[in-house]
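What follows is chain A paired twice: with chain B in the first complex and chain C in the second.
What follows is the complex of A and B.
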């Protein structure tokens, strides 16, 4: 049995004005893995390729040790997918949609489906067209979870949801992971929630992986620094240092502790250096800016 | 108002051009065989004005924009009338005049001026008549979005099928020139055309008030399918196990089988309608000795028409390709479903339909055999190439019409040029090659095209 749910090696995919990769990523089994990045970073492209939607130009993707193209059908039987672009309206009602999708999964669990339907406040006779955006996302989640997939791929499942629905979606995800050896790969802009629920994170920008690792280690690695420098003195640009603001001789910056930036700053004569922990959201904004500046 | 008309022309000039070319070809190929070419109607011209308008209204995007612009409903309605009736009428007049001048000069044939005028007048009045139906038809008065859309789709199909046969084949038979019936038609069509002008403001106001939603477009087709599905399922309620499916909806076999069955249920109504229509036409208008030649033409036309009905029902209301691609089904199987479901639906209509008509008219196998002798297999194989095109560009009525025209011409050509000169093995090999090409293209698109499996940046 493989330790990793997903292994990506040297993945590239080029479009007219965009290239993803080369990308290397490992998603461990049983993890909630967050894939974050600004709009157009390549998150959906990466998730699509993992699921076998589209062909990669180079590289390898293995899901549970299986090749994502050759064993596409076997992989999809073990995977649940939720995405904002899925449309079920042609089936008319929740019940008919369930009936259609259920036909593809031999492991479909009717009892679990009924339980989830109750928890997500959906009914088989309900028409899909008038459902709210949140209810449609819940239907998508219901369809993805009812066959008890080993891997859940969620592409921005909380976009457009209110706070209560968002919490409900994350609560269901937690229950799913707790229930067994299941893995969740989630792309989302709800960074505050991800910081709480996910245990791994990867940051992707313009098709390149900027950062990845365990959530706590990643957040712990960076610090928000405030310090003073002598009037007129400037700091040269270097990796691991992102200046957020300069107000006279007062500076605010994000430091990468793994690159010993605090020591470097001390050697430059900065005064009153204070370091405070950052949230994932602060870090995201700072790192995306850093890359842009570079 | 002029700007709105100009906008309509600028956005749809290619359709007008396509119809113009098709019309020109039909005249060019039609003239040598006919003593008076004007008896051969080319009804595609009728749709050139109405179809873009119908498309704009059903999409809703143009209406949303128009609502924000400083133009009155009266101006919008009149612009629509000019774009749908006035301009096509004028253009048809110019083309007819050109044919009147050019054909005798180039081919030393004489063309009846009165015939030309009759052709132009009857077509132009039909533009007005169809605009009247669009503006004042019962479905335009329905308030509920999905029901209105469904009624609109049905009305469009009805108009298309009936008008094609009625106008192309029976117009001059129904309304012989210089008779009271002809005068009656001219009077009625003129009255309705004039009435359509006066209804423009109310028509535009209604459309601006009831904006269609994107969801309604899918819902309308789904609604029609569900109605058909529900009725068909109730017929089989006595079979053990089916009752549960009807009641609960969730239970019962799903997957691609459900998709396949749904497609067939949706097509039962239109298929039955066409078979009855042909039966009535045979009974009333075709002498027994002409059955075979009638079928040579009609089955080919029917094959193409029904093909687009199938695609209209299956593609516009199809489960989204992105959803299907996320399910555990291989791209080859998915491509197979996309290509072979419509082919099976077409054959499932044409063979039993031909058998039923054959039984009614005395010789059970006669019409089925004529299906194979009239170039239908090659034509059906050609039509499968429209599937990857629709998947790539998205299904819409305008593209359907353009492809329809192309396929009608291709159907004529396959029948006239190839069918009789090709041996059966070559014919079958050609069919297999075409269907194989459609399958291969569809598979590649389903696997690789982001336009097909979900166009999203990033």
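What follows is the complex of A and C.
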């Protein structure tokens, strides 16, 4: 059995004004993997390419060791997808939607589907049109999970959901990975939730991977640094230190603890250095801004 | 089986799980030899990532409070109670030291601080 659910090597895809990659990314099995980045970073492009929606210019995508295009059908049987578009109206009712989608999946599990339906408070007889946005998202999750996919891919599933529905979705994702053999890849802007629920994280910006790793390791690696330096003095730019603001002799910056930045700062006469832990959201804002300024 | 875990509470989520389990053990709600839920089940229960629980279990294992048996699960160690109490005692010691420092900074003499402590303990 492959240790990784997805392996991406040298993936590129260019559009008129945007290029994704070259991107290398490994999604390990049995975990929740968060793909984050500002709007237009290339998250949806990457997810779509994994699912074989569109053709990559170069590079390789392997899902469970299979080639994403040559073995497209075999992969789709083992993958569930929840996308940002929730157009189920044409099926009329929840039950008819289920019957249609069911036909594509030999592994569809009716008992599991019924159990999920109950948990997500949906009923086969319900009409689609009057369903709330949250209920439509849950229907989409139900359709994606009922064939017990080994890999679940979600593209911004919680945008616009209220706090209760959002928590239900995340609880369902935790249940999905509970047995340890199923994998969830999720792109979302719900950074506070992701910090709590996801095991791994990758941050992409302008088609490039800025940062990736275990969620706890990534979050703990960076600190918000505050320090003082004699007026008129300047700090040369260096890696591992992102200056956020300077007000007189007072500086604020994001500091990468994987590098010896404190020693370097001290050697430059910096005083009263304090380091404060950051949330994923703090880190996101700081790193995304920096690259914009650069 | 564990108290609530919240980003609004002090300490990281994994530290809250470590402290919560120590509390359960030191207060006798979980006894030596008792099985603990798998980290995936506990993750689902507490609504936190699997890695967060795994890390908490690893720390408790390092401290000798719990142990893992391949294929069987995770259990509270025989010394779990003592170790949890020792950990609690160390925390209490640190907090008392901190309280003494704060009181001194507020201008209290040592005997005034002690009187205050006595009054607060009897009040609870």
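General observations
The criterion applied here is as follows: the second predicted complex is superposed on the first by the 291 of 294 C-alpha atoms of A that agree within 3 Å, B and C clash if a C-alpha of one lies under 4 Å from a C-alpha of the other, contacts with A are read in each partner's own complex, and residues count from 1 in each chain.
Assume a contact is a pair of C-beta atoms (placed from the backbone, for glycine too) under 8 Å apart; a residue touches a chain by one contact, two chains touch by 3 or more.
Because the structure is predicted, anything quoted here is derived from the model rather than measured.
In the superposed model, A:58 lies in contact with neither chain B nor chain C. When both complexes are overlaid on chain A, the residue A:41 reaches chain B alone and has no touch with chain C. Residue contacts after overlaying the shared chain place A:163 against neither chain B nor chain C. Residue contacts after overlaying the shared chain place A:192 against chain C, while chain B stays out of touching range. A simple residue count on chain A separates chain B from chain C, and the partner touching more is B. Touch criterion met: A:83 reaches chain B, while chain C stays clear of it.
Look at A:72: by the touch rule set out above, it reaches chain B but stays clear of chain C. After overlaying the two complexes on the shared chain, residue contacts for A:129 are found with chain B alone; chain C is out of touch. When the shared chain is aligned, no partner comes close enough to touch A:121: not chain B, not chain C. Shared contact residues of chain A, touching chain B in one structure and chain C in the other, are absent. Against chain C, the residues of chain A that register as touching in their complex are 30-32, 167, 170-171, 174-175, 177-180, 192, 195-200, 214-216.
Chain A contributes residues 15, 18, 39-45, 48, 51-55, 72-77, 81, 83, 85-93, 95-96, 98-105, 124-125, 129 to its touches with chain B in the complex.
Residues of chain C that touch chain A in their complex: 7, 12-14, 40-41, 43-44, 47-52, 55. Those residues of chain B that touch chain A in the complex are listed here as 146, 215-216, 218-219, 221-223, 225-226, 248-259, 317-320, 322-323, 325-331, 447-448, 450, 453-454, 456-458.
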